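Since the structure comes first, as structure tokens, the remarks are kept for the end.
Labels run A, B, C and D following the written order; every chain starts at residue 1.
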Amino acid sequence: MAGELELRLRDRLAKLKQLHLPGAGVSDEVRRIEHQLAEVDTGDERSEDEIWRSVEFARHPDRPYTLDYVERLVADWIELHGDRARMDDPAIVSGLGSFAGRTVAVIGHQKGRGDAVQRVKRNFGMSNPEGYRKAMRVMEIADRHGFPVITLVDTPGAYPGVAAEQHGQGGALAASQAAMARLKVPTVACVIGEGGSGGAIAFALANRVLMQQFAIYSVISPEGCASILWRDAGQARKAAAAFRPDAVHCLELGVIDSIIPEPEGGAHTNFDEAAKLLGQSIRAALGELGKMNGEELRRDRRNRFRSHGVIAS
Amino acid sequence: MASRIDVSIEHKHAPPDAGASKKHPNTCPKCNSHYREDELAANLRVCAQCGYHYPVGALERIEQLLDPGSFIEEAADLRSADPLSFFDLRSYKERIAEAELKTGLGDAMLMGQGKIEGNNCQLTVMDFSFMAGSMGSVVGEKFARACERAIERDVPLVSVNASGGARMQEGILSLMQVPKTVCAVENMRDAHIPFISVLTHPTTAGLLASFATLGDVTIAEPGTLMCFTGPRVVQQTVREDLPEDFGRAESNYRFGHLDAIVQRRELKSTLAKLLRLFDHGR
Amino acid sequence: MAGELELRLRDRLAKLKQLHLPGAGVSDEVRRIEHQLAEVDTGDERSEDEIWRSVEFARHPDRPYTLDYVERLVADWIELHGDRARMDDPAIVSGLGSFAGRTVAVIGHQKGRGDAVQRVKRNFGMSNPEGYRKAMRVMEIADRHGFPVITLVDTPGAYPGVAAEQHGQGGALAASQAAMARLKVPTVACVIGEGGSGGAIAFALANRVLMQQFAIYSVISPEGCASILWRDAGQARKAAAAFRPDAVHCLELGVIDSIIPEPEGGAHTNFDEAAKLLGQSIRAALGELGKMNGEELRRDRRNRFRSHGVIAS
Amino acid sequence: MASRIDVSIEHKHAPPDAGASKKHPNTCPKCNSHYREDELAANLRVCAQCGYHYPVGALERIEQLLDPGSFIEEAADLRSADPLSFFDLRSYKERIAEAELKTGLGDAMLMGQGKIEGNNCQLTVMDFSFMAGSMGSVVGEKFARACERAIERDVPLVSVNASGGARMQEGILSLMQVPKTVCAVENMRDAHIPFISVLTHPTTAGLLASFATLGDVTIAEPGTLMCFTGPRVVQQTVREDLPEDFGRAESNYRFGHLDAIVQRRELKSTLAKLLRLFDHGR
């Protein structure tokens, strides 16, 4: 599909180079698109089948989860637990460890693997507000001590439960983003499976947003979109083809900064290789960010998100 | 992967008392009292019998809250593009055009500057009747600009919200309006600009997960549905009856998520008081 | 008692002027003691009866509570509710208003007045952790917008309930103090009734700590102390006489900065007069603090508490 | 005012398994295994049968945790004064003298510098056997100085806690140690000095309301009672049975108040790992 994507990116690049949108961080955008152009590989417009394959791979029960990557990439790992108010949300893991010779904080959604008991124990990676509050606590520690923050995004979405609502799910998602916007350390977010709407974005307000080749990232699940717009959840494939949650489309729209390749056949076929590729990309992203000071990192991050959206006026 | 739990940030239908009824729009859905249009407008669209708060459009809301003639609209020319060439049962372009015709608005938010009892402020007001107040690129951009103007002018921002969530026809770009507006609020915060968020029925999903819950002070009108996930989806997940006022302002107040529930007739004076207080600290 | 107190204060002052304790903020201490000397009124060592009168007045069911003072001293009052996580604790009120022409935040314990229902509704002024978290939220708003913070302390103590413990009572009390230590705005704490141990100190880490004439301030209730040390709660009067929770003793130890006079017969005999006297003292304290910038206020506050304690070495 | 609820920050008696038993101190209160003194010390005072963690005195704790010979004690000469000339059934002076004789310590905390697996740190270690580890002016002063030394030396602070709460014989001055130590932690925080808090059985009341809960990382040994109000007083208030592990580390972990529960045999290596991590971020 690269022909099409490449054309669009070049077109967008040309426009941006002429334009001066107020506050839109144009030069950052230009830099990003140039980077994307370098990354795009050749191919054709994605078919409905190809997009659906991303949906299936992203949700594959054998796909590596946050702790699988932590185990392979992080030394001296210590998980930090609890929101200091009500609970330790098992759907989110957070902790400190050594990555590429430097201490980092890692925060991610965590799905349970295997039988129903394990999956329920992790609540399918769907966090309660308390999970985001735990994560914010760890972000604050990282910020104070100068540890870069790496987030791994892999959730169908924030948990739609009664207590979750009563304890402020919406506000917690907003607060988590606000906390990320405030950090003076480099932050890299990686969508490693399902990047499901609010639950995902709560960890994705980072300086660099990366996405694995077969991950998905979307405002709504294909089933949810189909049932609202087509009034039939069975039209999920059609919905997915319409809003295209795949990595190439996200790159095309400038929503992510680069695509992390997966092993042939998907991350679930080779955890070690998937981790190696993920680690390389995170390392490269942290390397780029290493030159900025705290204020610059904040500004870079906020400008990055300032530029999102397409307006006709 | 057969029985997935749906966790859309968009609740699936307009909330029960915001248009689902087949009654005349001036008939009170709670007590069936009926009002002439001028009567209802004169009473700020509050039922004189039972206190039910009818929905208020953005233009009328501005009339209710701002000093007469003080509103100067900004960024009025912004319009949605169609980045995904989105087509479900109908095209996004067609839906937008219909909403413009129906409401006379360019999108689901009006933005500008004005005065409340003499106090200058920047203002954003949403209109639920424009595509369920959904937040796409235009709403996100208007809100971000409102924050920037508030900083430039060194005046507080008052945001009156009403939204069903993200505008999924803009796909992932609608989700990006969430962090974009959060960043805008953070810039205001760093500049010590006061931000007052007013939640009106309904303010849900993407709005709650972004700027609507980030006010220095957060207040709501009575009865406002303010949940991240809508009651229907929650019920589907937990498969049990929900508490009667689930997700409403009254429940949220008890659970600590609101500074106050303010009757519409007190909203202007409450905002004025807050603007005075934030001004006198400076 | 002033003879005795005055002698001790002069003695302490003389010692301090010679001494150089590391980090002890000696010059602040000297300034404070000089101030106290000016305030001490004449009288004799307090008798057991006099001390017990303070205990009784401080707990008097007709004593003015936080909202009684707010009503009389604060214009444009707006109460801010909720911890944004779990509840709005009715045992604590917090809000913004105009005091002496300037916007301030007021935070205080709130007891219910009258029948059992009202008193239970406010949980006798005993907060859950959520109440301290609400207060911290309001402190943060005040800090960001430059509003001085006034706290009114009136609690038998933090609530000793099961959920209170499960939700982190101890940690919340510590966090509330830490939040107060961090503020860059002037802060004045007033003990207006019962200054009961941890629940009280959570709001008392202020630049200036004032105390009403018949208020009490103590590490433990007289009954609690008696039942531990005398193994008989009935010995409460004796315990109170031993640890002396009255205002004069607290002033003598340098724990408070000044005593706020009450109407003849106690604050409960004349709310308006009590409020007027309280208002004058707070205004004076804020006036003194007005000259310091944010960093100086922080340092002043921390140095103030650094000097507390008596060591024999 | 007849039936007041008592809300002392001091729980009233030594907690159940820290001395209340009449058994020989080397007999396990959980499983009745008995050990020779050298056996028990060699096993870090953990029951080889059931894993019960016996109390550890401050000096022995330092031996367990620090690299041999690396500890340099500081502020060893600080002693309690008796500002209130406090006398209950006996005088405070007499109680202090007795505690000194019994423990060989000057007060309930040792403070100094040392190394853990080669990592420099400032260290405070409390000893419950000195007046129930209660915090008076000396403990407060030693902790505050430890924070100041950590800042001066730019090394992390590790605090191993065990305390029944405030030392009420020093009256209001014992309460003042709470904000005093909180301020000391805040100064460390501003200086970006790492602070690791270790809770051992029991760490309650005034300690929980001050520095013990303010660590960047907070860990506890298994079974540690860590409550603000003791179980007896809570039960008296609520008049119902408490959950079995009420106030224990295991319950606190579930409720989100601990980063980890660490077995004593893993404590040194865990601290070393944390010190390495905090060092490599700098």
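In this section, a residue touches a chain if its C-beta (ideal position, glycine included) is under 8 Å from a C-beta of that chain, and two chains touch if they have at least 3 such contacts.
Just so we're clear, the structure is a prediction, and the values are computed from it rather than from any experiment.
Novice: Show me the overlap between the contact partners of chain B and those of chain C.
Specialist: Correct list: A.
Novice: Quick one: chain A and chain B, Cα centre-to-centre, how many Å?
Specialist: 27
Novice: Could you tell me the distance, in whole angstrom, between the mean C-alpha positions of chain B and chain D?
Specialist: Inter-chain centre distance comes to 51 Å.
Novice: What is the distance in Å between the mean C-alpha positions of chain A and chain D?
Specialist: It comes to 41 Å between the two C-alpha centres.
Novice: So which bits of chain C are touching at least two other chains?
Specialist: Residues 84-86, 167-168, 171, 175 of chain C touch two or more partner chains.
Novice: Where in chain D do residues touch two or more of the other chains?
Specialist: 189, 213, 255-257 - these are the residues of chain D that touch more than one other chain.
Novice: Using the touch rule from the top of the page, what pairs of chains touch, sorted by label?
Specialist: A-B, A-C, A-D, B-C, C-D
Novice: Mind pulling up the chain A residues that touch chain B in the complex?
Specialist: Where chain A meets chain B, its residues are 22-23, 56, 59, 61, 124, 126, 156-162, 164-171, 173-175, 177-178, 181-182, 196-199, 201-202, 204-205, 217-221, 223-225, 227-230, 233, 239, 242-245, 249-250, 253, 255, 301-302, 305-306, 308-313.
Novice: Mind listing the chain A positions that touch chain D in their complex?
Specialist: For chain A paired with chain D, touching residues are 76, 78-88, 96-98, 101-103, 130, 134, 141, 144-147.
Novice: Please name which positions on chain B make contact with chain C in the complex.
Specialist: 189, 192, 194, 213, 216-217, 253-260, 270, 273-274, 276-278, 280-282
Novice: Going by the contact rule at the top, pick out the chain A residues touching chain C in the complex.
Specialist: Touch residues, chain A against chain C: 84-86, 129, 133, 167-168, 171, 175.
Novice: Which part of chain B faces chain A closely enough to touch in the complex?
Specialist: 1, 4-10, 12, 77-81, 83-84, 86-89, 136-138, 140-141, 144-145, 148, 166, 168, 170-180, 182-187, 189, 204-214, 226-229, 233-234, 237-238, 242-243, 246-247, 251, 255-257
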